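Following this line, the structures themselves.
Two complexes are shown next, each including chain A; its partner changes from chain B in the first to chain C in the second.
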Partner chain A sequence: MALIEIENLSVTYRSKGRSVTAVESVSLGVEARQSFGLVGESGSGKSTILRAICGLAPVTGGTIRIGGDLVPTPRGRAFSARVQMVFQDPYASLHPRHTLDRTLSEPLAIHGIGQTDARVMQALDDVGLPQSFRFRYPHQLSGGQRQRVAIARALMLRPEILLLDEPTSALDASVQAETLNLLNRLRTERGLTFLMVSHDLAVIDHMCDRILVMQNGRAVEELSRQDLASAKMKTDYARSLFSASADRMLEP
Partner chain B sequence: MTLLSVRNLKVSFDTETGVVEAVRGVSFDLGRERLGIVGESGSGKTMTGRSVLRLIRPPGRIEADEMRFDGVDLMGASETQMRALRGRRIAMVMQDPKYSLNPVMKVGAQLMEGLRQRDGLTRAAAHIKAVEALEAVQIRDPERVMLAYPHELSGGMGQRVMIAMMLIPNPDLLIADEPTSALDVTVQAEVLAILDGLVRDRGMGLIFISHDLRLVARFCDRVLVMYRGKIVEELAARDLLHARHPYTQGLLNCLPRIGGPRQPLPGLDRSADWAV
Partner chain C sequence: MRTMDWLRDQNPTSRAQARAGQAYLNWLRLRRNPLAMAGLLITVILLLVALLAPWLAPHDPIAQDLSQRLLPPLSPGYPMGTDEFGRDILSRILFGSRITLYIVLLVVLTAPVAGLFIGTVAGYFGGWVDAVLMRITDIFLAFPKLILALALVAVLGPGMVNAVLAIALTSWPPYARVARAETLTVRNSDYIAAVKLQGAGGGRVIWGHIMPMCLPSVIIRVTLDMAGVILTAAGLGFLGLGVQPPLPEWGAMISSGRKYLFEQWWVATMPGLAIFIVSLGFNLLGDGLRDVLDPRSAGK
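Presenting the complex of A and B:
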């Protein structure tokens, strides 16, 4: 049984009499400790799936199960302790007027977990930030450092599942490499399950075992990592994404 | 033929904690070709692009031994002369359509403003030219886009509107600062094809500023690699894989590749002599 099971998920936004279907009956399953990637152009609904899992998007059809159980609405504390999300833009996802210490200790306070001091220090260590950063504000950090804080925050409650929404698209190439390495190391150390969204096929290929290609809110094709590397996609759309990938330029 | 030549360009900012040098002695020549400038954030690539138009506000200072565009001395030119150059002869496409278009003005009005003010066209004539400009960047329904506000357009559409706007006066030099960073790979390919066609058909010079080495290599003729305000390597785009400078190699190696090994990606070594 898969850890994350999504069946026929549909998400429709309604406002002022108009409705937009962002996701239309998409099904996917992610095994425990697996890393699953969602790719597609903007507006294909890949981020909406992550938001729907967290209860941040209006689900209009289908089911979401974590570990076999339907997710409750509202999601509640037990869900937060199992599933956490890292957002795309570290400039926008951290509270500008909270120090790192406050950002990192808030989940502990909400969940009534003690040893705040030790846990915050440990969290900074885990993501490779100096402990002297503890009382800094987000604006005093670089983009890569901020994304490390966002990852540390997501890991404060020791979740099993991390939902990663374009975690490196706002970062420079060298900082992207450091962040991807950090995520991979944490996944091995803690046995995490990743569900990751990116528009960069090379990043998805580096991070994920299986890949779902999406277009206009629908699933187009599911590929294994081997299929992608050997260009064995069956649909034209997946092929066009593959050939438009900037990475192709490096092929001899 | 050299369109633009820059010798020993320096950009510095006076701050409370002393002088910050954003660009430290950059020299290059540009013909009617596609020149890429690559580097990480803070490498001075955007400042180099803006200096050409003298678009750096105090406390920033621009110094150069020489900066010449088509016979005009850009360092000695008066502000009036610069205004005559900006837009008409040298245009710049900014990074983010969300922040660079006027949010409370319809796209059509923004496109027509320059045509009416600068070229003195009538409303009807300006409308026709603006629609043509949108068609040139392959916007399918230009009449609808003319009536839309910027927030009603997608990122790719907004970026194309900005390119259309910059190309109306038919400039000789286009400076594109990360014109595709906010876009998807598929839209990115379209925007690049449009720019490519313009360089070829109009014989325009293009400075393409980006942090994506692979993209620049695929699209440009020549590449300048910048690090901390200096050019560390200049090479033909097709030779990029044989780059000699450790920084360029480092930038290439730290990118994941489809079908590449699952080892940790190599980081950049900033301890060597060149990094200081």
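Presenting the complex of A and C:
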């Protein structure tokens, strides 16, 4: 049984009589400790799937199960202790008026977990930030450092599942590699399950075991890493998507 | 000098040290702004005057002496002159600072807080909560401020506390509007989504994450309104619905002086000057505080 099971998920945004279907009956399963990638062009609904899992998008059909249980609405604390998300833009995902200390200790305060000091220090260590940064504000940090803070925050509650919404697209190339390596290291160390969104196939190739290609809110094709390496795509759309960025792929 | 080093430490080791260091930095930043320092000076002087009024005042502010009525400023013993009952204007202004400060503090502690609360709740929850709260706000906004305050005082009876209550009840709607507008801009941001995803409830999100973002614009409004509060209180006093005679309230003093404005200008002008200086002080200080309270402006 897969850890994350999504069946026929549909997400429709309604506003003033108009409706936009962002995701249409998409199904996928992510095994525990797997890294699963969602690929597609802008507007294909890949980020919406992550937001739907978190309860940030209106689910209009289908089911989402984590560990075999339907996710509750509202998601609740038990859910947040299992599933956390890293957002795309580290400039927007950290509260501008909270020090890193506040940002990192907030999840502990919400869940009534003690030993705040030790845990915050440990979290900074884990993502490779000096402990002296503890009382700085986000505006005093670079983009890569901010994304490290966002990752540290997502890991404060020791979740099993990390949803990654284009975690490196707002960063420049050298910092991208650093951040991806950090994520890979944390995944091995902690046995995390990743569900990752990206439009950058080099990133997906570097990170993911399985890939779902999406177009216009629908699933086009599911591929394994081997399929990708040997270019065994079945659909034209997937092939064109991959050939467009094949020259940028990292060597395994 | 060791305290200085402790405060200036780039890498504080405890939360208390970080907070103290931040406060010290804020103080340094405030000190760099001469206008804010002028505002702070005026405010501190007002506080001292209010505190020390019984020792500073040369005369009893209420004692009447009809033989000394309407003396011009710089008369011996009466540096600001006397009013129509022969009371020393300087003493009345010094004692009046207590009443003014009391009114301003009470209004500032109630109206913006209530407005902030209503605005953020309406903006954050949206839907029918928003609709109900904002229509109530609209109703309060639709009434002219002074008329509503008058109606309230008429119902509650004249007096200082009721005047404060009336002013507070009429001045919260703009704060609610400002706070709601700010809330709408931040409620869908990623950092709010992140804290919700950590399992935070509405109260924690609003109090800890949304209110700090609304605070600067509310502070701007408060400082702009501070003079207005003094003037509304003065207006109520002027109409005889605020502080009752013989208590020396600045607005009431202007009101009683208007009869003599052409011949004995000082009776109304002196308390007017006091209101002007104090309003200016609050405005300057508030402006400086707003700059300081925004950590993003730290580097500038």
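Note that in this section the second predicted complex is superposed on the first by the 245 of 252 C-alpha atoms of A that agree within 3 Å, B and C clash if a C-alpha of one lies under 4 Å from a C-alpha of the other, contacts with A are read in each partner's own complex, and residues count from 1 in each chain.
The rule is short, and it goes like this: a residue touches a chain if its C-beta (ideal position, glycine included) is under 8 Å from a C-beta of that chain, and two chains touch if they have at least 3 such contacts.
Note that this is a predicted model, so its numbers are computed, not measured.
Aligning the two structures on chain A places chain B and chain C next to each other without any clash. Within the superposed three-chain model, A:173 lies in touch with chain B and out of touch with chain C [touch as defined at top].
In the superposition on chain A, A:97 contacts chain C only, with no contact to chain B. Shared-chain residue A:203: touches chain B; no touch with chain C. Shared-chain residue A:41: touches chain B; no touch with chain C.
Applying the stated contact rule after C-alpha superposition, one finds that A:8 touches neither chain B nor chain C.
Touch criterion met: A:184 reaches chain B, while chain C stays clear of it.
Chain B and chain C, viewed from the C-alpha centre of chain A in the overlaid structures, lie at an angle of 80 degrees when rounded to the nearest 10. Shared-chain residue A:63: touches no atom of chain B or chain C. For the pair chain B and chain C, the minimum alpha-carbon spacing after aligning on chain A is 9 Å.
Residue overlap on chain A between its contacts with chain B in one complex and with chain C in the other: absent. Residues of chain B touching chain A in their complex: 40-41, 154-155, 184-189, 211-215, 217-218, 241, 250-252, 254-260, 262, 264-268. Interface of chain C with chain A (complex): residues 10-12, 15, 18, 21-22, 189-191, 193-200, 204, 208-209, 212-213, 295-296, 298-299. By the touch rule above, chain A contacts chain C in their complex via residues 54, 56, 75-77, 79-81, 84-85, 87-89, 92-99, 101, 106-107, 110-111, 131-132, 134-135, 137, 139-140, 150, 153, 156-157.
Considering their complex, residues 41-43, 143, 172-178, 180-181, 184-185, 199-203, 205-207, 228-230, 240-242, 244-250 of chain A touch chain B.
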